[in-house]
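All chains are identified by letter, namely A, B, C and D, in their written order; residue positions are counted from 1 within each chain.
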Amino acid sequence: MLLLDQTKRMILRLEEGKLFQTHKGMIQHDDLIGIPWGSEILSHLGITFTIVDPSLRDVLLEIRRKTQIIFPKDIGYILLRLSVAPGKRVVEAGTGSGALTTAFAWMVGTTGKVISYERREDMLALAKENLNLIGLADRVEFHLADIYEGIEEEDVDAFFLDLPFPQKYLGTVKNTLVNGGVLGCILPTTNQVSELLLALENHGFGIIEVAEIILRFYKPVPARLRPTDRMVSHTGYLVFARSIVVPELPSS
Amino acid sequence: MLLLDQTKRMILRLEEGKLFQTHKGMIQHDDLIGIPWGSEILSHLGITFTIVDPSLRDVLLEIRRKTQIIFPKDIGYILLRLSVAPGKRVVEAGTGSGALTTAFAWMVGTTGKVISYERREDMLALAKENLNLIGLADRVEFHLADIYEGIEEEDVDAFFLDLPFPQKYLGTVKNTLVNGGVLGCILPTTNQVSELLLALENHGFGIIEVAEIILRFYKPVPARLRPTDRMVSHTGYLVFARSIVVPELPSS
Amino acid sequence: MLLLDQTKRMILRLEEGKLFQTHKGMIQHDDLIGIPWGSEILSHLGITFTIVDPSLRDVLLEIRRKTQIIFPKDIGYILLRLSVAPGKRVVEAGTGSGALTTAFAWMVGTTGKVISYERREDMLALAKENLNLIGLADRVEFHLADIYEGIEEEDVDAFFLDLPFPQKYLGTVKNTLVNGGVLGCILPTTNQVSELLLALENHGFGIIEVAEIILRFYKPVPARLRPTDRMVSHTGYLVFARSIVVPELPSS
Amino acid sequence: MLLLDQTKRMILRLEEGKLFQTHKGMIQHDDLIGIPWGSEILSHLGITFTIVDPSLRDVLLEIRRKTQIIFPKDIGYILLRLSVAPGKRVVEAGTGSGALTTAFAWMVGTTGKVISYERREDMLALAKENLNLIGLADRVEFHLADIYEGIEEEDVDAFFLDLPFPQKYLGTVKNTLVNGGVLGCILPTTNQVSELLLALENHGFGIIEVAEIILRFYKPVPARLRPTDRMVSHTGYLVFARSIVVPELPSS
């Protein structure tokens, strides 16, 4: 697996005898096998490509998708807020194309586990395929299920919901999270954020944070440093909350 | 170690018989020992505190510091760009108060290693103390040294420079990184970015990215959703580049 | 009237024999009378002040206020969207402290007119006082009234609502605006924007725009150029719409 | 002159017998003549167009251009910072396509004057044509000249430079501005800002401000309120300064 880059990123899985074709020219896979990372190579049209090991960010951006994926700028902050780390167990719903699943699997290592729920069979198949391609599928338990009725996991440290009506699943999340555990959600509209906030207060969640992360690129020209002309304005609002122990009222 | 939160975050290390004092009232450590995460407790002034396990974000924000630390919003993206993961070896200079060191150590797990260089003895002592407190010091090799003369590590996957003149150290970075490896830098001013960009081109680095990450919080009030009044405008510009194999010119 | 500036702006109305006092020292008004704009003068503590003619931006920021004023960054864009210009008639409600009123009066000149409605007597008195101080009161017709029952103006080009429930007044606005005329509103929360948008569609308004304007300052240091550390994150969402001619349905 | 809008803006100058053609269908100019602003009309393909009087913002965005124009978001703030108002005299260089010229002419009214300098004959011709079309050409004095050698105007309140090396012209600006007068500049790169800041300090300018204005649009859907997917990231940095009276040193 490798990456060729010249304004565009392309992730390749090398196979002997195969031909890589792009509008910038052709390259024989055989010419790429065995050359060191960081090498530059010319296509038959004379365009320079650089070969590097894809970073996690590259992998996330190049994932095959049927739906909007969660962007690296958001995933980085989600990892910190959910304290994902080697050995951790993390639950997510829905799986989608598997971008966040990939980042979670990357970070929990061989000793951790990602438990991922998805209701759509085609999406789950795509996510499995993506995780297989990246080589991280064995760190993920995929479930074709709606989490509304509850799930079997317990005492989980972190739960992420990438679903349009997260408030419907707060009961399940509450039963699954350890006391004080972290819930994360991503939502595209302000209306959804308001509805979720209202439900959080009524379902035993506290220490709530709503945030958006804006990533702005600059043209890397030393003598003419300036932001790019256009940028992504919005991917989603991030909402984080903690499961709070609500004291039982004494019976009179 | 635990966190009490009510608008402010405070990280405590519990000790029998000790008293936690704040302008919002006092709490006996003994009253906190053994109660479940997510519990609410009242100070002697009747103010509610919630006790939760600190997330990586909380730990980073509460780290003791003598210098400006790198913020979680930036650290999340740095982790993805440097592909930090369980088992990886990462080098950084300078250590500073150890915030980024903490995040790296958190993510590389027990099988990885963070190699951290710092020239100031007082800063290195503080960073060690911080990593010890968090319990991650055994994942870090601390060096009191200037990396200008070169370091002994080789074939490292990722190198991060948090120094005012990163261009001075590109030779060292080049010799330390594996071919195609990732360099990351954070710089507060545009002038520094321009100078670094100029040097990168001349030291065999390519696939350069300059970015800034802006984190905007919202007041979590369902019926009155809106951003906070004020926000952090700037922490630093992030610069990433790859070590490129420059073909040797044939001798005539 | 003049401005002294040294990190802070202060607008003075000069009076013979008076003393200007600040924690940075005292200056005699008599020493300021007659000296040219742009001069530097020392307080008795040796602090330098620069005397300049206040710009419209300075005037707006220094206006006496009991409520949050609309910020210059927003006012500039409002002026363009409402096509305020010499000779134009503009209606606004509510007046508030009179910041937007000032900008409108400034731009319509002696041949135009600002008609400003406010329900609170104390606010209207403050706005009148502010406009008098700036010398623009004769360009404004102040009304102590709730516009809900309708107003007498007709065929107005532009109408601005700075009220918490602008949707309540769309009937009045519709009757007051010329066909195709522009309505502008500013609202702090997303919930208010959603409610207004819903009402606009039902009250014969179209060509709707929702925007926010973010102003980011840089430290003006040539060798260390960078944004300020903190900034204003949010003042309000701007909503603009046009009064649309809705064809009458033929009676059967 | 009128505007038809349905996601796109189009400014028309009506002529009897003419046909308006777009990929959304055709409309006869004759069908548009005499109908009220705010009316909706169908193209022959059944697409709805709304006819409104163009706002200043609309005019600025639809101006014919050979170069990048200054955007409305920036122009609004420039107007406030330069205190442009009915009756004022404002100088600018270079004219470019005439967008800022248009806004200045709009605001100074029939009693004010815009003096605009441009070195390129083709640009000046285009700007004149644009101002003529809008009907504001008589408020502008166009000069085909380089301002480096100085200009004849004196005691001007405000001067705007839209040129790549504004520092070259600070002598001319200083001689033209009234004491305390305002200089405004727009520059695309950080390097240019640094160079200008350095020169300002050495040419008798003070009270310096560097800012950027970011305009973010939202999709106007009441039940799904959210920012647009993409936005303009950067147009230029705005720099403002005041001409300061520098005391002459006494000769010994």
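As a convention for this text, contacts are C-beta pairs under 8 Å (C-beta built on N, C-alpha and C of every residue); 3 or more make two chains touch, one makes a residue touch a chain.
Note that this is a predicted model, so its numbers are computed, not measured.
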{"item": "Chain B against chain A, contact positions shared by both copies (same if over half, else different)", "value": "same"}
{"item": "Winner on C-beta contact pairs when C-D is weighed against B-C", "value": "C-D"}
{"item": "Distance between chain centroids, defined by C-alpha means - chain B, chain C (Å)", "value": "43"}
{"item": "Approximate Å spacing (C-alpha centroids) for the pair chain C, chain D", "value": "21"}
{"item": "Touching two or more other chains - residue numbers and ranges from chain C", "value": "190-191, 193-194, 216-217, 223, 225"}
{"item": "List of chain A residues in touch with chain B within their complex", "value": "5, 36-40, 50-53, 55-57, 60, 72-73, 75-83, 85-87, 103, 106-111, 157, 178-182, 190, 193-195, 197-198, 201, 206-223, 225, 237, 239, 242-245, 247"}
{"item": "Chain A-facing residues of chain C, complex", "value": "190-191, 193-194"}
{"item": "Touching residues on chain B, where the partner in the complex is chain C", "value": "188-191, 216-217, 223-234"}
